[in-house]
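Both of the next two complexes hold chain A, though its partner changes from chain B to chain C.
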Partner chain A sequence: MTLLSTDAAVASSARKILVVDDESHILHVVSLKLRNAGFTVVTGSDGQEGLDLAHSELPDLIITDFQMPQLSGLELCRRLRQEPATSHIRAIMLTARGYQLGPQDAEQSGIRRMLSKPFSPRHLLATVNEVLNEAA
Partner chain B sequence: MRRVNIWSMAMLVLIVASGTALLWGRPLIVGRLMLPATSLAAAGGMSAALCGLGLVTSLRRQCRFLIQFIETTDLDRRTSSAGEVAPTLGPLGRSIDGLLDRVADMTERVTGRVKELEIHLKVATAERQHAQAVLYSLSDAVLVTDLFDEVVLANESAARTLEFDLKRSRRSPVDRVLDDEDLVAMIRDMRKSDSHGGKRIVEHKITSPAGEKTYKVTLSCVPGTEGEVGGVVAVLHDVTREREVAEMKNDFVSSVSHELRTPLASIHAYVEMLIDGEARDEKTAQEFYEIIRTEAQRLGRLIDNILNISRIESGLVKVNKQPQSLTVVMKDAIEVIAPQARLKGLSIVEKLTPVFYQTRADKDMLYQAVLNLLSNAVKYTPQGGTITVETEVDEAHGRVVGRIRDTGAGIPPKDLPFVFDKFYRVEANNHMAKGTGLGLSLVRHIIETVHQGRIVVDSQVGKGSCFGFELELCK
Partner chain C sequence: MPSQATITDTSSGAAASVPTAVLDTLASRWRCSGLFISLLDPAGAVVYHDSHASPFFLEYVLAQFRAELGKSLALGADRIGRAPVDRSIPGVLLDIHPLIEKRRMQGILVLAAVDAAIDRTEDLQRAAGRLRLDAQWLLAAARRLPPADDNSFAHRSRLLLDMLHDQIRLAAVQREIDSVSGELSGSYEELTLIYQLTASMHITRTPADFFRQACTEYNEFTGVRSTGVALTVGSLPGAAPAMFGPMSLPAPELHRLGSLLVDAFNYDQSPIIINDLAASPSYAFLGRHARQLLAVPLFRPQKHLGALFALDKIASDFDSHDVKLLISIANASAIYLENSILYEDVRGLVMGLLHSLTSAVDAKDPYTCGHSRRVALLSRRIAREAGLDEAQCERIYMGGLLHDVGKIGVPEHVLSKPGKLTAEEFDLIRRHPAIGARILKDVKQIQDVIPGVLYHHERYDGGGYPAGLAGENIPLIGRVICLADCLDAMTSTRTYRKAMPLEAALVEIDRGRGRQFDPALADALLRIGDGRLKSLLAAHHALGGGGTLLDSAGDSAPAIGETR
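Up next is the complex of A and B:
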């Protein structure tokens, strides 16, 4: 384990992160990186499952893909934002589409950062810590 | 025959001419001489005074003779006959001869000129009809307006595209002819812009019950007679299809980049995890290596499929058609797929016709198509299922039919029309296997584009799918 992730592990104990992606390898690699850094990780393989898990698990942060079956990542975040129980959940979007988020979309969905695939798990972890440390 | 007094006659002619000239107020033209009406009148008056009333009777006689002579004279004949009949008329006859010669000459020239003009008219009419035919045959809509924004010319395509009555449009204000306010404004602005020889190209959308169409509107000024802007020509070229193709290309590139990034993202992430020492033991590291290997393979397959489809679509692919047995091709593909099927506990049933029947095909491509269909059957059929591979010969219609039937997940009816589209994936079955969304698109290209065959799919959710294709049988 690197120094960075050890530090992060200490700082982020008991923080829960929901990872949603229809690519099993991405789910696997992201959750492994986060678990190694001390986070609790739950995973969903499509937008609908992500929505259900967000309600039941109430994570501190969601990392979601954009293009997914059933429900897109953007729509998932929008719905969570609309409901009082989940409106506080911050989100990071991880997408292979060259997709730019407008300020209105960012406001309506609570998406704090956009990362594009291929991505660096190291950079993703740093971004997770950054977003969790930001003021609400 | 009576003798005619030439002087009396000359006087008579002058008197008559002067009276006429005064009456009309115009000069009298005699040959190339132009005698003013007033001088003629004066000359006439003097002659009358000189000759006196005694001449009247003689003049009357001679007048009658002259009238009779003119009435009976054939213009084509020489008037010397008049001289023969009445010798005193000799000089008059000669001058009439001269006059007739000039008249004949002029008539000839006028006739020539008339013929020339007739030819010019015919040429001009033919050119006008030709230009009109060109204008009407144009698929582009053409509308010409004048200085007052009135329609002076339009073709049928314009009437059809902009929905107006062609016959009633002529000389009507353009804002009454067209409902499209934006287009009217464009024409007006162009006319007001006063830009000589200038051109404006604007993209313009027109919505009709048939749907929305995109036009490239080219506006140019027509010069008037004195160099001012005399009107505007608007040409509307339909670019709807071009825009759609551009959009499709854009979607394709966007989909390709998404599909390529996905396996690349896994490779990139796992390699970094290995570098960062995130694999805690050798077993995990091995797992990472294996993922990197399969994702790299996936990426390679994806690139191959994209290139193959693109080559087939652009007609660049080299096709080597030879008589082949579909049964042999099916057997080769089954051999390759069998280990994967065994792993999933699937059984493969062969119902193949004798290898004797042949079809003209590119063996490698046909093999690729069959392999893609078989690979899909294995991917989407759960444990313990059956895959049936059939060939059938329809000698009556000269066809050979291939079928790959499975007892798999099936395809929902809403997805069926799109399964052969590029990058289309059946959402409901997405979880069952990874795919590029290009395999079936390639199969259709190989069967239909390369071999002029036909591919069909029949499916029931939960029961399975059957992909069948027809190829021409070698005679």
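Up next is the complex of A and C:
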């Protein structure tokens, strides 16, 4: 696949992004796209692992799936929001098409954007840059 | 890409590599068991070593590789099959493994450990002396490392070698995963693009809008400078070739390209890929503007609808992915286009029939010629001004067209009676909304339009007919048509009175807001203003409508609302 883009130029500072999804192909696609764009990527394959990694890695941003065994993406974000050490971490949520998040949920969980699957990796990267550039 | 310890074979220029990360992983795992890892290129130069190793290795062993020993190891390396333990360095056990890739030696892996018999080696003193190292210090450093005898060293180095091969395989698998992920990522992009396109194939969308989206997405996705569309003559009336993107062709070239492509796809539906336009016999005229062209047909079974084309990829030549994606877009677009054409066809037929029907009704009274059409136009304009969505505006247009269809059931002599009507005659007139609604009641596609026919004579204050509804109880479509109907009636000459100038009619509308008319809708109509209303109706008159005197001042002012 030829994707003409200036990925590498978009993110010069190596910011850390945690990607959490129980589908490994999503993890691979997303982390490849982000790594190529110069981000440091950490991946977790369920909500609990995501929570642990968020604590140990303190990423700048979390991209998480909504539906995951044990701990849902929404719950993961909510918990991080409640703790002072991680409450600043912004999140992008990946969901099944058609799922909508209430404004209250977004407020309580630090979720800045929702992308429905199948999503465009190009669009995801643009969204990541957008969210990182937004004022806290 | 991870950094690589590249071994360059100077004789052929070919290079093989073991990822540095792999060597680092191994080095860190084996450091504590006293194994020192280094990699020499085929000429014997050190290209990698465990940089966190004990000073014993870094100052003593490595220094000897660099001083000639590397070269002699390299000379011997390809003669070594299963390497026996080498004792070229006093007090040190060496294991030498040539790395063979594609039947060529690409490098030499040298493992080292402290010889368990180091204390008995006098040569160590001499070697240290040559390197100007303190022998006592060297021995002390060596004693901090786990010593090895021949057997345990051979065993350890074999294990390490197995691990190295596993790690190399793992690194290759990781590269493969990355490549598959890259492909998958591309498929995701394609999938989303096609999904978005199919989701936006509303029939109410204009083809220009649809193709703008399709072409712009393709530009962004493949990095081409411009993507465009050309349709076959007659497939969609009035559709000229169009291009979307930062680059555009002058109109004559664009038209010429469009008709060339459409003609070409008539005979052969395979994609056209030209990577050097200036050198192409048929497309050289584009050479001044663009370098590359990719074009695919818009095709449905038995139907050739046109072509999609992309110009200038810049970064590289068009490849099979670009072609495949443009074909996918073209296939989706062709379905949309075919539906659009069919829809336009049926819509044209229906609207044509409706216009004929309502003209027939209007013709019963020479003074109402063109009235239905004008009411339809005015109603739609008011609806738009009031902010209704386009689909609703079109329904209201249809309602305006049909509002008086019930007059077909009212005797002509009553409709065109010049003087005042008797109570019985007025009663006949007042039946036309109900008659109209009855005529249309079985046409299931226009059920939402019927209230406009039935309630266009209701008044906002409840004093109208046939139901005497008031305020918001009157369906919106009825309230809109009522306004349009009254405005056109006032500004038209009727058998029973002369036309009023538009300006005066608008004053009457203003006076009737909240009484006869919905105030919000009346405001919308007044906002449009007489200038724009005149040009709207003038366009209609140019088509031959009659009976209105929008521009001349009438000398008698009839009472408001005296429409029949």
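Criterion: the second predicted complex is superposed on the first by the 123 of 136 C-alpha atoms of A that agree within 3 Å, B and C clash if a C-alpha of one lies under 4 Å from a C-alpha of the other, contacts with A are read in each partner's own complex, and residues count from 1 in each chain.
The definition used in the following text is that contacts are C-beta pairs under 8 Å (C-beta built on N, C-alpha and C of every residue); 3 or more make two chains touch, one makes a residue touch a chain.
Note that the structure is a prediction, hence the values are computed from the model and not measured.
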item	value
Touched partner set for A:67, first chain B, second chain C, both or neither	first
Partner chain(s) touched by A:45 [first = chain B, second = chain C, both, neither]	first
First (chain B), second (chain C), both or neither touched by A:22	first
Touched partner set for A:118, first chain B, second chain C, both or neither	both
Dominant toucher of chain A (residue count), chain B or chain C	B
Residues of chain A contacting chain B in one complex and chain C in the other	1-2, 5, 25, 28-29, 32-33, 118-122
Chain C partner contacts - residues on chain A that touch it in the complex	1-5, 25, 28-29, 31-33, 118-123
Residue ranges of chain B touching chain A (in the complex, touch as defined)	254, 257-258, 261-262, 264-270, 272-273, 276-278, 280, 291, 295, 427, 430-431
Complex interface listing, chain C residues touching chain A	177-178, 180-189, 191-193, 195, 220-223, 313-316, 319, 321-322
Contact set on chain A toward chain B in their complex	1-2, 5, 22-23, 25-26, 28-30, 32-33, 36, 45, 67, 69-70, 96-98, 116-122
